[in-house]
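In structure tokens below, several structures.
Both complexes shown next keep subunit A, but they swap its partner, so subunit B is in the first and subunit C is in the second.
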Partner chain A sequence: MEPSFIKELSGIVGTDQTLIDTESLACYGYDSTPEHESRPGAVVLPGSEEEICRILALCHGAGVPVTPRGSGTNLSGGSLGRPEGVVIQTSRLNRIVEIDEENLTATVQPGVITSTLHKAVEAQGLFYPPDPGSMNISTIGGNVAENAGGLRGLKYGVTADYVMGLRTALPDGSLLRSGGKVVKDVAGYNLNQLLVSSEGTLGLFTEVTVKLIPRPPVKKTMLVHFPQLEDAALAVSRIIAARVIPATLEFMDRVTIRCIEEYAKVGLPLDVDAVLLIEVDGHPAQVEEEAAAVRAVCEKHRCSFFQTAATADEALKLATARRVALSSLARMKPTTILEDATVPRSCIAPMVKLIQETARKYDLTIGTFGHAGDGNLHPTCLTDERDTDEIARAHQAFAEIFEAAIAMGGTITGEHGVGLAKKKYLPRLVGESGLRVMRGIKGAFDPKGILNPGKVF
Partner chain B sequence: MEYVKLINCMRCGMCLPHCPTYKETFLETASPRGRVALMRKIEEGELEASERLLEYLSLCLDCQACATACPCGVNAGEMVAEFKCERHEGRGLSVMEDLVLRKLLPHPDRLEAAVAPMRAYQRSGLQKIVRSLGILKMFPPAIGRMEGLLPELPARPLRRTIDEVTPAVGEERGRVGFFLGCVMSLVFSEASYATVQLLSALGYTVVTPKAQKCCGAPNMLAGDREGLLEAARFNVDLFAGHDLDFIVTDCGGCGAELKKYGHHLAGDEAAAAFGNRVRDISQVLSLHGDELREKLTPLPLTVTYHDPCHIAHCQGIRQEPRSLLKLVPGLDCRELAEADACCGSAGTYNIEKPEMSDRVLSRKIATIKATGAEVLVTSNPGCLLQLKKALAEETPPVRVMHLTEVLHRSLSPR
Partner chain C sequence: MEPSFIKELSGIVGTDQTLIDTESLACYGYDSTPEHESRPGAVVLPGSEEEICRILALCHGAGVPVTPRGSGTNLSGGSLGRPEGVVIQTSRLNRIVEIDEENLTATVQPGVITSTLHKAVEAQGLFYPPDPGSMNISTIGGNVAENAGGLRGLKYGVTADYVMGLRTALPDGSLLRSGGKVVKDVAGYNLNQLLVSSEGTLGLFTEVTVKLIPRPPVKKTMLVHFPQLEDAALAVSRIIAARVIPATLEFMDRVTIRCIEEYAKVGLPLDVDAVLLIEVDGHPAQVEEEAAAVRAVCEKHRCSFFQTAATADEALKLATARRVALSSLARMKPTTILEDATVPRSCIAPMVKLIQETARKYDLTIGTFGHAGDGNLHPTCLTDERDTDEIARAHQAFAEIFEAAIAMGGTITGEHGVGLAKKKYLPRLVGESGLRVMRGIKGAFDPKGILNPGKVF
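This part shows the complex of A and B:
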């Protein structure tokens, strides 16, 4: 990068918040996505919205690409910058601006950690449902940009369902306000929803206003063992057919169970095909009723064991085990390739079966877990990046898995985004017209194409 | 460094919110994930081990909070320490390191003699004069920081005053060896005296071999593996002569190192047996909670407990100290937010990296103040030194006590 450009950049954020040394840049060449690396030209950590706008204006003028970054926990390569570009890390913008109890909203800076927001609103008896597995480190800005889902997605929805207002710095440094605290707003196109899941390609969020709901007074956590995979899958759709929408309905297969148990030691069974983690919440009477209905369905579908957490601690322990599923799998082998295939929930059993068969066909170890309630599965291949042959087979296997997901009416990513990792599958999913419209939108926001170029399409 | 250890990090970022230096800076280079990445890039030949890179790595406190958080079993802190150790190895020791690591630490007599002038300096009132005149400002800042941290030294180190064998009170239930630890014996001899008294009150005969040497942890940090092995060998042989159920220490750092002797002297059965017998004092006392409860008298104090890294992260001991405190009647125990976050002491880190150490410390002090406790309890000499100094300067000042001091005070009220 030009020294004069760097000088202007550091003139905005300060030299100590401008990183250009080889060592620092090497540490921004990755995010949580395996197999993707790209070293940016510079990294800056702005301290205010104004600084962000000025950085964008500077880069826009110079035609320098900009990539937003929260905590770099995304699994699609979305926060990797370009060698000729600048990465803007939002971590310093980590203030909760306001919790508005009258309007039931919270307004935060983009670098606020998801679980920090949870704690702050829960202390006031309120609830912010989106809880990605990475919530202890992912930022709200990153969550909005990826439309992150979580364990509570089935009943409460995903990040998009809670975003009410955004302040977004556009590529030229101007500021776009969309939405706000109003519950109803039909003035023009719904830019809020368009910006959610834009993966940092349309604008950089500088402030996010989210909807809060009253905290459900009680919840019940249940863990159910199924010797047969089909029974578990059937139970998932029958629970919902029985008009019970659990807050959480998570699935773990045999490989995943083994790994979690090895790490978290929560007493998971090692001899069953599948385990479901189910949580129902709401008012006490309703929770009792729903828990009983869940139990009846599971027993009808030949579960071998049905455990209800007796204490909050026990419940937390069970839920924590699910949260660390991915990382526990990662203990087995050095390299973990996690995918995000999503199918209509009636197709869970065939999908899991297909994944297992594909793993066998390509001689791979693939553990599958995920948000069964919403059909979002995470087949995770345990491999070793030094074994190039195995890596090639893994990619072949995933190509087949995605093909099958699309054929079942599913999608190539339910929550992790397209980024770099899933780019090649997007045309197959959205078709020519889909791509054309998306490109048109990108052009309207970012005519010079400086914001997170090369991502999504 | 084994390459597979480096590629085991899947970069999930789960460790980031637990790393004190990341929390202060938000920089990847100051995070566990980043540190592993830097070492990996060196191994892969993509980066050179430049001065700057080593400087980045040396910002790691080796608190191992990352290891507790990492679901993949990566221990970035330990890896950085190992990396530094490997680089130091074969380089030889500097004159100063040779003096401290080889000529002083392994020889308790000399060490105690070396500290004697400090004590005289404090007693003579000279310390007060020096401090008030600001004479220390004329010396390199490190000396000033070291001087400032030192609390009033006891008249004599515990090693000098304790009997080799402290008999059990009442019927003997078992025999334990007591590992003194340099700083505990020299500076916190009262706490260690309390430790021995507690063990004896619970029916243990306490054997304290006076010839014992430093545990060797400082050698390891300086890359002096040979010195560490020598110390380990000596201590293993020394304690093997006595018929002991446990080898007890009230120093978190010593405990963490002693437990690794079997690993250091791989293949040596005596070393493995030694390592397996090592217990932190809280582990032994916890075995006798009910009995202890009966012996304890009320202590109307508000306390909070800080988990030393070497106890919580390195040895995985969290519940024992808390349950022990709960046994004391009248003691109001308040949980500390981020209780197991490093206090910034971290061996000699507070002297070598004063700026970061102070930032990490301030966070700790703020959480301690927020509890409203009158006394901070902890159980590692590094934390005691660091927190004593800082909390004395608060208004109102917060007292700092070793866990065994609190229990002993309740056992035999003054």
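This part shows the complex of A and C:
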């Protein structure tokens, strides 16, 4: 990168907030996506919206690519910069600007950590439901850019459902305001929802206003063992058909259970096909009834064990089994390919079976866990990047899994984004018309194509 | 319109479904928007998705404007065609394709009447919350195109919150599929939510898949009188601050109350500033507690009368007062200008006062009612199109009301759309950047600009 350009960058954010040393750039050469690496030319850490706009205007003028980055928990390569480009790291913009109890909104800077927002609003009896697995390190800006999901999506929806207002720096450095604290706004196109899940390709959020809801007064946490996979899947469908919408309805398969037990020793059985973690929340009377309904459905579908947490500590312990699923799997092998194929929830059983058969067919270890109530599964392949033959088989297996998800009316990514990792599957899903309008939208926001180039399509 | 072109049109849909006689075109020269009239060149009533695509391809090739139309309940001129253009009337596509109890979705053709869908899903213990005032005649296609709101928006959200999948005919006649029955999908840009509220300018829906939820087991309906406006507004804020989210929290001002009472004789008082209609729903125990909390807040804020419906019939009677508000106002004068300025709910009191002062300043009769919990008010000017002086004053008054809404962090339209009626206010709200990207998006979908031209911007 030209020294004169670096000088202009550091003139905006300060020399101490402009990183160009080899060690720093090496750290920014990765996010949480396996098999992808790309060191940026420079990393800047702006301290204000104005600085972000000025950096963008500078890069826009010079035709230099820009990649926004929160905490780098991205699972599709979306936060990786380019050697000839600049990464804008938002971590210094970490202020909760306001919690508005009358309008039930929180306004935050993009670098606020998700769980920090949780704690702040819960202290006031309020609730911000989206809780991605990475919530203790991920940022709200990144959550919005990726439309992060989480364990409470079934009842409460995902990040998109909570975004009310955005301030967005556009690629040319101009500022776009969309939405705000109004709960209804149909003036012009819905730019808010278009920007959510745009994966840093349309603009860079400088402020986010999210909707809050009253904190549910109580919850009940249940852990259920099913000797047979089909029974677990059927229970998921039947719980919802019984008009109960649990906050959480999570699934772990045999491979995942085994890895969790080896790692965390939480007392999971090694001889069952599936474990479900189920949480119902809300008014105490409703929670009692819903928990009873859940139990009845699980027993009818031949669960071998049904445990209800008696205390908050016990609930936390039960939920831990699911929360450590990914780290338990990840420690088994050097490379973890975590996917998020998603199907209508009625297709959970055929999808899990297909994943298991595909793993056998290609001689791979794939553990599957995830948000069964959302039909959002995480088939996780435990492998080693250096084993080129196994990696090739893994790719072949996932191609078949995605193809099956599409055939079932599902999608290639429920919550991780397309980024670099799933670009090749997008055309099959959205078709020629879809690609054409998406490219047109990109052109409308970023005619010079400087923002996160090469991502999504 | 050229006879040869008409012949091509009727070749697609049949002569009986191609209207070109003066009487028919006169009927299609209006929708529900005052002061706007425009007779289309022809009206076609396609019977299938394929016919819609063929009509669009034909018009696209010939450069003929196309306007989609449901039941013509549009309040911003969005369903008015052009003299040189074709209106595509979707009423023949009125089939509920599927109600999927396992995935909690309904798939419908665009011409299905909103309340028809309500009845069909409620018969199965399910619930489709969006309930615009026009629900007995409006179509789901129109609801999606406008992102229709309704009386249950506070707790349950608006149409956008329920759209999961769309099949959309693009202006060139190609077909776009977006979303589906998956509750999570982040593959590429969120075209679903961009198409919702695009007011028929980006595409024409040929099939809509909506989310359903379990039907709330019970509800409680309350009607509350407030001698002072400020107290009513404060009660709205305090109910929500008490962590109660009513399904419905509706407001009627003195002018509206008087008109309703004159028309419907439901026993409303003529000496109070405001009446609130409040409904809480859900689990019986929760409903009891929430109703008690609502009552406590209203009494603390000096309500003069608090009535709880004892039976379903009584509840219907109380709700009728609000449901007939618009027709009660509309019968007073030949022309009714119904607006939908929307503010953060904390600004309800200043907004109502400003509306009342503006009415006095311009010597106008404006009744205000609406969705107080959403900050979504309907200031309704009772006037006469032929009185050009009064109409000019009305326009001046609304310009000031919209300006004030924007200044309070609100919007020019909460649920009626921009269409023709509010085009001039949009630039002030979304700014130069907003307009630029919206025009770019329009170009990405409709480079020849044939779909509903002249609307929105």
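Methods note: the second predicted complex is superposed on the first by the 457 of 457 C-alpha atoms of A that agree within 3 Å, B and C clash if a C-alpha of one lies under 4 Å from a C-alpha of the other, contacts with A are read in each partner's own complex, and residues count from 1 in each chain.
Keep this in mind: a residue touches a chain if its C-beta (ideal position, glycine included) is under 8 Å from a C-beta of that chain, and two chains touch if they have at least 3 such contacts.
Everything numeric in this text was worked out from a predicted model, so none of it was measured.
Student: Is A:Ser24 in contact with subunit B, with subunit C, with both, or with neither (first, second, both, neither)?
Tutor: A:Ser24: touches subunit B, not subunit C.
Student: With both complexes superposed on chain A, which partner does A:Ser91 reach: first (subunit B), second (subunit C), both or neither?
Tutor: After superposing on A, A:Ser91 lies in contact with subunit B but is clear of subunit C.
Student: Any idea whether subunit B or subunit C touches more of subunit A?
Tutor: C
Student: Considering only touches as defined above, state whether A:Leu326 meets subunit B (first), subunit C (second), both or neither.
Tutor: After superposing on A, A:Leu326 lies in contact with subunit B but is clear of subunit C.
Student: Which holds for A:Thr139: it touches subunit B only (first), subunit C only (second), both, or neither?
Tutor: A:Thr139: touches no partner chain.
Student: Which residues of subunit A touch subunit B once you look at their complex with the stated criterion?
Tutor: Checking each residue of subunit A against subunit B gives 19, 21-24, 26-28, 30-32, 34, 45, 71-73, 89, 91-92, 113, 134, 136-138, 263, 324, 326-328, 330-331, 334-336, 385-386.
Student: Taking the touch rule as given, give the residues of subunit C at its contact with subunit A in the complex, in rising order.
Tutor: 100-104, 125, 146-147, 149, 153-154, 158, 160-161, 170, 174-178, 180-191, 193-194, 196-198, 213-215, 237, 240-241, 243-245, 282-286, 289, 342-346, 371, 374-376, 409-418, 422, 425-426, 429-434, 436-441, 443-445, 456-457
Student: Quick one: in the complex, what on subunit B touches subunit A?
Tutor: My answer: residues 4, 7-8, 10-14, 16-17, 26-29, 31, 34, 37-38, 41, 46-47, 50, 52-53, 56, 70-73.
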